[in-house]
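In what follows, chain A forms one complex with chain B and a second complex with chain C.
Entry: the complex of A and B
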């Protein structure tokens, strides 16, 4: 604008219109963005070129530019993809991540929907008695050698008796908010604190070092995140839509699958992606629960830190191979993360 | 089909919103539940739909007791104020949804959807999505979806209140015609008295969870059962004067009106419809007043008069002209005076204007 009469300093620090940035702010914004891009991109670049280096180039470096600084070689790629067993852990990672994410999103969204649309009232006394009986059964079976079938049968009978008598007379109950908080609180403590019991459990079930153990663990660990994220999506659906469907003759599951799920699709896709990445990158639990057969990629990556020192070039190959599918999936799914699907549902 | 509600009560916690509702709706009747917001009319409708459980009482549709029946087995269709169209389905899919759930074969379903769409003039829009439609068109889709499966009862919850005034008038007449053609029993909830008066065979006026009067629109207007009904129906609303009945006359500070056949009573409210009043010279009227404001409405003029504490609205000729604060008189025929007990709100009936 040539006829801008403001003094230079004000023009620098004041935007020329309400929906633009001042020049100074612009410089700062883009400068910070550039800096952040470097923080993100340089390591990626470094991993990529390292995968084409050999021990010599890594030890005598740093070398920055392939063909200029050093001569790239495919040795590490050849070794990791052809000679080493990379395909096994790779398939393990794919199966475990996809299966656990699919399960977590399915179960989690059902739970979130139920928490939003159904009123729960669980008597506090019932929970207390349940826990008491649980402890009782464990002590009886573990220390006194009572057969577990008898102990469980007695406990179930006692529980039903309590439900019909004591519990009925109590008032205090937990509602949806309490259940929700309880589910989310499962993630307050890091899952790794439970790794020993989980390890022993799968050991007893003879499921250690299987995909099933990892899928089950990851599903359980990611479930609270799914419930927490999707609950708000379901709460955002106008209740009229679901009531209308109920009058049209739809059952609850019908409403969930034909009305609710399609309407929260974008949120669900975002949740799916997030959980998938969490499962794909999970390391600590996999380290405990898998050995050779069910080994996943993150464990294989760390295994490149060998007695002969870290094999940076091999590690880099694995990391590149790990990043690729996530990038592909994210870019395929991102167009589904468009919002505004609810437009036209209600009101004129 | 006939719909019968007996002794229907509904409480949310300690709050009772519907207090003993009795309704007997004949087959094919258009019944309007009318009342101010919070009077329990929508709750009553939702109980008929099965979206709300009843605290006490029975609901019968036809000969069947549906009090504890799930909504989907009640064979009722509902039109929501928000239309509640499924945004991820085309108009055709929206209208077909109830049929699909009832496993109607595709060919039959298609024919029914087309017929319903034609009835509400939606033929060309079947492949569009709700977001591509205007408010009036969405309203029609909601109607088509409700009638496509030929339910035994239509339930409508303020279906026209999201439309602009002109469209509302148009849809009102269409709705009336549609209901007459289909002959399906309809329960219609609204707070708009014009909708109630124009659409209904009978109007049930509710206030604070209690039905005040059930009658034809004409009866409700000409013969209100109590103060609430009298004040709620009519636009501009009925004028009220506070006074007493003394020796066969209604007496208030501003005047005295002879009313035959009424016994003495200390606290009485007299009601006068604006169209029954005329403005006269200062000392000629039955009630003395001052001009407060003049509003030209086009075909008539509304004269608001200050009459002691009360204001009186007179519907006058469009040529009426008065200065502000000019002293005037207001007159009316004795027959047009409605009398109510001020404390109970009940109508005081007298031989001549029943």
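Entry: the complex of A and C
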């Protein structure tokens, strides 16, 4: 640096080599980055210290530094974790998020793999007839009160009949790309459209307010994302290994589980994490489908707005215990998630 | 092997969609020993679009002033220009022309409703609120995310620290974010209260005014979703051709030129795709407004999903399903249009 003969101003505003930044630009870059760091950290810091406050510390005006201008206490933590029923919803959240993510990744990656490796041809006429029959069954059951078992049986028979006669003669078919597009486009559907019938469905099955209902629904909701992401991972692995395994007589499923899945491990980790976070934070569906027994954390947090006004200290404890595990996991594996998302976004 | 996925989606997407369509076309009423569903055709939609619930979904129309007329005329002229250019310069097909005509008509209708309800004397409804969240939110998040990604893409020390830190808000549950920002924005007890007192605005409350309440929702949403844009764009920037950047630097290109000619073309497809993903998700917003403001003051922050949820709670199942269908319609048209007219060209641009 010292043998740099350039005048001070030029040294400030011009980089000394192409791999570095000029000092002035560097200051600006760091300044802006630190500014955004504050934007990120201040809310998190405030939640964290509020969880160690009591009613007095919160109501008597803002206190910023524990031990300096207020005395931190564990009262809120003790109350929320021991006396209040927080553990139940927490367990529900863990079980629902893990199970639904596992199922979604399993079903979704199976579908994605098959869509990459097997050529599908589904007759357009078959789909049209299927949808017509579905609408027909629903109308019959809903308006005329036909029992649904009979309606479904008749519909299945009609569908098989149509497959054997009409459909065989038509030629227009949808291929892999169309199926894939259809699966992914399901994500566009706002959950509010589907949640009422799903609610009624689980009510009929007497599964409302159970973990099963939430797991099944979350699996379906996150399936499109899994297919969308894992498709490109499978498309990126060489086919030779699988071909030689197939020659040796391994079945499709065996090839999938022993060869294809291990090869896309890091991609699967990224997908799993992303879906896990979505399931962990999901609010709307849980609000409809769970009540007391299967209540998840987001619903519990949002229900803290009591008639006495929100108790910020208790609520902060809930928020901290909710975000701590995901933040830790995601920070450690952040690079995988970014790469996984990038692969998905490049090919789409 | 695709079968499990198809079955799951049939059960939880297609089947509910059809039932929902049926609900949207009927009136639901509790009756002794159960409920009754009466088929009433499009009455639910008529009520929302031109009838007694119009104020709720679309809003109250005001008298557009000169500013509003300018926006309307500009939007109309712009859409007409794009249509004309396609018909004259492109190779128009019947499907392409009809699709574009339809997309343009919907776009104009959305602009019209937004402009007219935000004019003097108008009150925006839930449709307009949702559009504002989506439009302003996604734009701001993309701009911030891109800016931060460019900064973090510089050869500086501590990059990995910033990257992990900036990623964190994405993990936080939206409900938690809503309460956190309520705490922060508390005028008497929040951390910024002394500052506000110094400016003499402690009596004012953001929750009682429409635009400040909407701003709060947007701030919370932006805090959460900027990291998503940031993290993917940063990964894309790091993937750009290094040799080209260095060659350009040696030739004396400045930062802006490098961004315009090398970085932007190489990240454009990714950028278009993540904006599409955000668009899809942004239309579903409910947690933030529900917890932050409860949809108030009045209807000022109520999104369409929240609207449908409130209808459901008041036993208006038909109306709820109809609102849901309106949301499905708007978000599908917007997202498909964006895919056709932004994502596809961006990908071709790269190839």
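Convention: the second predicted complex is superposed on the first by the 293 of 348 C-alpha atoms of A that agree within 3 Å, B and C clash if a C-alpha of one lies under 4 Å from a C-alpha of the other, contacts with A are read in each partner's own complex, and residues count from 1 in each chain.
Please note the rule applied: a residue touches a chain if its C-beta (ideal position, glycine included) is under 8 Å from a C-beta of that chain, and two chains touch if they have at least 3 such contacts.
Remember, it's a predicted structure, so these values are computed and weren't measured experimentally.
Looking at the shared chain after the overlay, A:179 reaches chain C, while chain B stays out of its contact range.
Chain A is touched at more residues by one of its partners, and among chain B and chain C that partner is C.
When the shared chain is aligned, chain B comes close enough to touch A:263, but chain C does not. Of the two partner chains placed around the shared chain by superposition, chain C is the only one that A:277 touches, whereas chain B remains out of contact.
By the document's definition of touching, of the two partners only chain B reaches A:238; chain C does not. Looking at the shared chain after the overlay, A:247 reaches chain B, while chain C stays out of its contact range. Within chain A, the residues touched by chain B in the first complex and by chain C in the second are 341-342, 344-346, 348.
Chain C meets chain A in the complex at residues 1-2, 4-6, 8-9, 11-20, 22-23, 37, 39, 147-148, 151-152, 154-156, 162-184, 188-194, 223, 231-232, 234-236, 239, 246, 249-250, 269-270, 273-274, 276-277, 280, 283-284, 286-287, 290-291, 304-305, 308-309, 312, 317, 320-321, 323-325, 327-328, 331-332, 335, 343, 347.
Listing the residues of chain B that touch chain A in their complex gives 49-51, 70-72, 74, 76-78, 80-88, 97-98, 101-102, 129-136, 138-139, 145, 162-163.
Only residues 18-21, 25-26, 29-30, 32-33, 36-37, 39-44, 46-47, 50, 58-59, 61-62, 64, 107-108, 110-111, 113-115, 118, 120, 131, 134-135, 138-139, 142-143, 179, 183, 186-198, 200-201, 216-217, 219-221, 223-224, 227, 252-253, 256, 277, 280-281, 283-284, 287, 297-298, 301-302, 304-305, 310, 312, 315-316, 318-319, 322-323, 326-327, 330-331, 334, 337-339, 341-342, 344-346, 348 of chain A touch chain C when the two sit together in their complex. By the touch criterion given at the top, residues 238, 240-241, 243-251, 254, 259, 262-263, 341-348 of chain A touch chain B in their complex.
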